[in-house]
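After the structure tokens below, expect a handful of questions from me.
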Amino acid sequence: MKVHIWGASGYAAAEAIRLLERHPAQLGVLESRSHAGERVGDHFPLLRRSPLQFDKESVIENARAGDVVVSAGGHGEAKELINALLDAKVRVIDLSSDFRLDDRAVYGLTEWNRAALASANLVANPGCYATAALLAMLPLARFGPPLQWIVDAKSGITGAGRNPSVGALYAEVTEEIRPYGLEGHRHEPEMQRALDVHGLSAPLLFTPHVVPLSRGLLADVYALYEKPPSEAHVRAAFEEAYACSPFIRLLETTKAPSTAAIARTNDVEIHAGMKGNAIRVLCAVDNLGKGAAGQAVQNLNVMLGYSEETGLHERAIVA
Amino acid sequence: MKVHIWGASGYAAAEAIRLLERHPAQLGVLESRSHAGERVGDHFPLLRRSPLQFDKESVIENARAGDVVVSAGGHGEAKELINALLDAKVRVIDLSSDFRLDDRAVYGLTEWNRAALASANLVANPGCYATAALLAMLPLARFGPPLQWIVDAKSGITGAGRNPSVGALYAEVTEEIRPYGLEGHRHEPEMQRALDVHGLSAPLLFTPHVVPLSRGLLADVYALYEKPPSEAHVRAAFEEAYACSPFIRLLETTKAPSTAAIARTNDVEIHAGMKGNAIRVLCAVDNLGKGAAGQAVQNLNVMLGYSEETGLHERAIVA
Amino acid sequence: MKVHIWGASGYAAAEAIRLLERHPAQLGVLESRSHAGERVGDHFPLLRRSPLQFDKESVIENARAGDVVVSAGGHGEAKELINALLDAKVRVIDLSSDFRLDDRAVYGLTEWNRAALASANLVANPGCYATAALLAMLPLARFGPPLQWIVDAKSGITGAGRNPSVGALYAEVTEEIRPYGLEGHRHEPEMQRALDVHGLSAPLLFTPHVVPLSRGLLADVYALYEKPPSEAHVRAAFEEAYACSPFIRLLETTKAPSTAAIARTNDVEIHAGMKGNAIRVLCAVDNLGKGAAGQAVQNLNVMLGYSEETGLHERAIVA
Amino acid sequence: MKVHIWGASGYAAAEAIRLLERHPAQLGVLESRSHAGERVGDHFPLLRRSPLQFDKESVIENARAGDVVVSAGGHGEAKELINALLDAKVRVIDLSSDFRLDDRAVYGLTEWNRAALASANLVANPGCYATAALLAMLPLARFGPPLQWIVDAKSGITGAGRNPSVGALYAEVTEEIRPYGLEGHRHEPEMQRALDVHGLSAPLLFTPHVVPLSRGLLADVYALYEKPPSEAHVRAAFEEAYACSPFIRLLETTKAPSTAAIARTNDVEIHAGMKGNAIRVLCAVDNLGKGAAGQAVQNLNVMLGYSEETGLHERAIVA
């Protein structure tokens, strides 16, 4: 059994390579159209020590039944490939938005879908915004839907990918706070669908922002109620929801999540509190970690029967 | 008539010096306990060309009746001084939070208080968070109070001042998004009081964040209604509120405010829109400009009978 | 007489627009292939208040004899256009490297070429690295050539232009110091030629670096001598060289240049000192200001008979 | 045998804690006067997962003969303590500059001093600037001293420590390149002494700069010769010098070091090349890694007989 990566030259793919290089599963083909034959360490400073190269061979010709492919290309690029892989009994974890609303796929928000993921053939890995927002929202299901959801989210720029665009240039990102998608954003139907599944359907107002950092995402979720639960009940809901989730850190009520504290990890920091009729939940993830490649590896672990934490914590080599 | 600056070694004071150096009013004493006798340009790169020095003399001994003092020290530092100045018929614009809840002071949110400011002896200059939030909220007064206010605000680090603290160090701010004040923040009663005055009393949930930039602040204001007004009415409310306000730019509904676009100015960019039962207003200011020294100069203009824009736009020297 | 800008959608062009908008010379056509018909303020935050648009008309069809064209496109893009403009008796200031080694052009390092610039038809505006390095080197001409020149220069990323490339992405620039051009750089022959002209021919070792800031460039110049001059003579050489140069600030020997102090200006900060047999001169410029558009306007002033500072300092509007 | 850390609340100390937590040696007391009794993870995001606390007990009362103390306080703070520890047969690795010129101490530039380090009682851990510069200079010993050394170094701001100062504030570091120590710098005698020891005495001109990044340091070393060696000989000198040094990466001649590639590691990237009569060597280290805590752990490994790489590479936990 091998794990292949397709579309292997973006930021999420590089993070997947970094994680899988330390993972007991065997790495297969790293397919990148643009960098075939080149060392991964020549393109990504964090991989400088890696002996790996982007392969000249293709995933489609090398993946065998039972293998897993992590598809990390741009939205819309891999639909045909993935269908062909599924036909060949290859399992797929897709990091794009292509299958997130598709009934054939299991939605890969690990903490909320472990059973289905274990036997999934196609996993739609959640977007980074949806990951942070839903981890903050779903524990509230026991209280029923609120009157209104508000999600105010702040993301580092690597969420925009490594395909160069004016908006991702250093000089455009630094000293700027950039709200966008004010008319609607790809992640909204993704969130809405998961809320529907969990009985949390309510109007959702979502405002994404780019802020000047490389990695990290904070979602501030506000849920308004006519008759809100008590803070103790809210707290209990989160504690129960994530009691067996090793990557989730529920913070004391006086403490706030820190993107620096979860950078380059699959960790999640959550503050859950109340004020008046509103519940406020703050949730920090690394947009390339738990928001993309980290969660993909976490899902891979569930799919392949590894412990959920396999390959996702670091320790030193003792020689 | 002279304009003096007290507590002249912080970031807001430096911005006030920069603006007043180009202003037709005569500059008086620049009092800084720590930098007396030193050139302002040695401490602030933006003032490098300035021939000014921090004075060895004191404001209290030099200010005369009819003069204006801009008080720019830390919260709580200048209360006694200001009382003494007022006794001496010196007019004061105070940038600290000391008088914002004090009935003797006129609240210096210029666009909403021009008449009272014209004859004010003591102006409580609004905080940067309150400035951005209230400019986004007050035009909604005609619709009555909402069910709930939510203010999610992101600020550059100069809002924390120039007095060195661990939290303001480069290495603590970079690659970090830092929510704070989750248990309550100095700016909340300031906002609440202005909302009360304008008939907009409603529960307020305020979340301030530090994001890694030097200057700039974005407030995302969400107002929830049972029966919200139409988007056209919302739009009209803002257009009428700010028709005669030269620093406010109402953006087209598809466009978002940019902190880079208002940095080092007294300008304000506002996006006002609706979604479902919620009004969403985004408002960007420079925390040292419209959020502090810029608004102080704007208030000074109103107090002294200058045009409101005097000294607040730049043009080139033609020799 | 009008001043037109060709290639008007890059960073240097935007800075030229910002400066020329405040300049008494009449602005003509702003030609941008990609942004024709759009507002300049929609593309550049610093121009947000500007009413100007990128024109749909072309420079070549509108420029008349005696007009000036500032050519701000990429290297190699405008050679034919410029030849056609010169044929039509239009004067040209070219910001690219295309004519810097061409005998037909006057090299636009203003402080060292005022007389020739006054009557120039074609000005090759110096590169940002060459500007900073040569301003630090040329005053040493009276001491004859050194044994060796070393130029270690650090630049903000806007020097790479606004055409998106992976290397200019935020995530590639932040937390990185990137030496480049180790095998040779476009700016070396440009510097070498100017050194030859001034009798300063000597081996030149040049190391450019990108550091994580938007605007600003520091060149550290080291000149090695067998028998070096005294520090007093070095100091005197700089004082005499720049006695009538309003943009050059010679710093006291204990002070170092600051890129923050010269950002968004045409100013230059220079530290000149000695240690053992080496002269060390540090020179800071804004790569888009004195290193590009600022110097272009300075040259325009000389060409058109304006005072050299016209349009290059800011003051406030007094209404 | 235990390893204790004194002065445990600075950036280098935090990095030492991070590394030693993964190291097979047993951690003893973490002494911090300011944070005693508090969790290390509350002060340092990178340590958020750590269960460790700053101790209320003192190093001096707990260290036993044969233990090692990593002293990580400010310069001058621990001299007395270290003398007392040495009297008690406790071995000390001192990160400050206090003993770098002291004949009792072994200079801890690991690659050049392994034999002496193995039995050292007091190790003076090199400064970050000296580490990068000397790793670039010492392989040239076989060619004899050059006519002149020039070291132009760029450092991230964590080199200034975590004790808050105006110069280390975010707003002072961002968008700035700051040369300093133009009249002389603490690191110069440290470098000069090591050069003397290796027969490389020559005039040294050193220019340190702060650039806006958190971690990372690049030293550009220029060595001028009357009759320089060939590039092949230079290359060979580096290959031989570092053939058995697992942290040193000699780059191909077309490639440049990257601070991003060595951040949070003990790795070193070196480019060595020639041009005319000058050798140019560029050397990148993490100022907190190989430039401080990483090298301290590397030295600890040598002192205690561990493999030199123990605890200094990361791999994933396989559960």
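Just so it is clear, A, B, C and D label the chains in written order, and each chain counts residues from 1 on its own.
Note that in this section a contact is a pair of C-beta atoms (placed from the backbone, for glycine too) under 8 Å apart; a residue touches a chain by one contact, two chains touch by 3 or more.
Values in this document were obtained by computation on a predicted structure and should not be read as measured data.
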item: Most distant chain from subunit B, judged by the mean position of its C-alpha atoms; value: D
item: Chain pair with more C-beta contacts, A-D versus B-D; value: A-D
item: Approximate Å spacing (C-alpha centroids) for the pair subunit B, subunit D; value: 45
item: Interchain centroid distance [CA atoms averaged], subunit A/subunit D, Å; value: 36
item: Where subunit A touches two or more other chains at once, by residue number; value: 45, 156, 174-176, 212-215, 258, 260, 263
item: Chain contact topology (line, ring, star, complete or other); value: complete
item: In the complex with subunit D, residue positions of subunit A that touch it; value: 19, 22-24, 41, 45-46, 48-49, 174-175, 249, 258, 260-263, 267, 269, 306-307, 309-319
item: Touch list for subunit D against partner subunit B, complex; value: 11, 45, 156-158, 162, 164-166, 168-176, 212-215
item: Subunit C contact footprint on subunit D (complex, rising order); value: 147-148, 150, 152, 154, 156, 174-180, 182-183, 203, 205, 207, 209, 211-216, 218, 220, 222, 224, 253-254, 256-260, 263, 271, 273, 275-278, 280, 282, 284
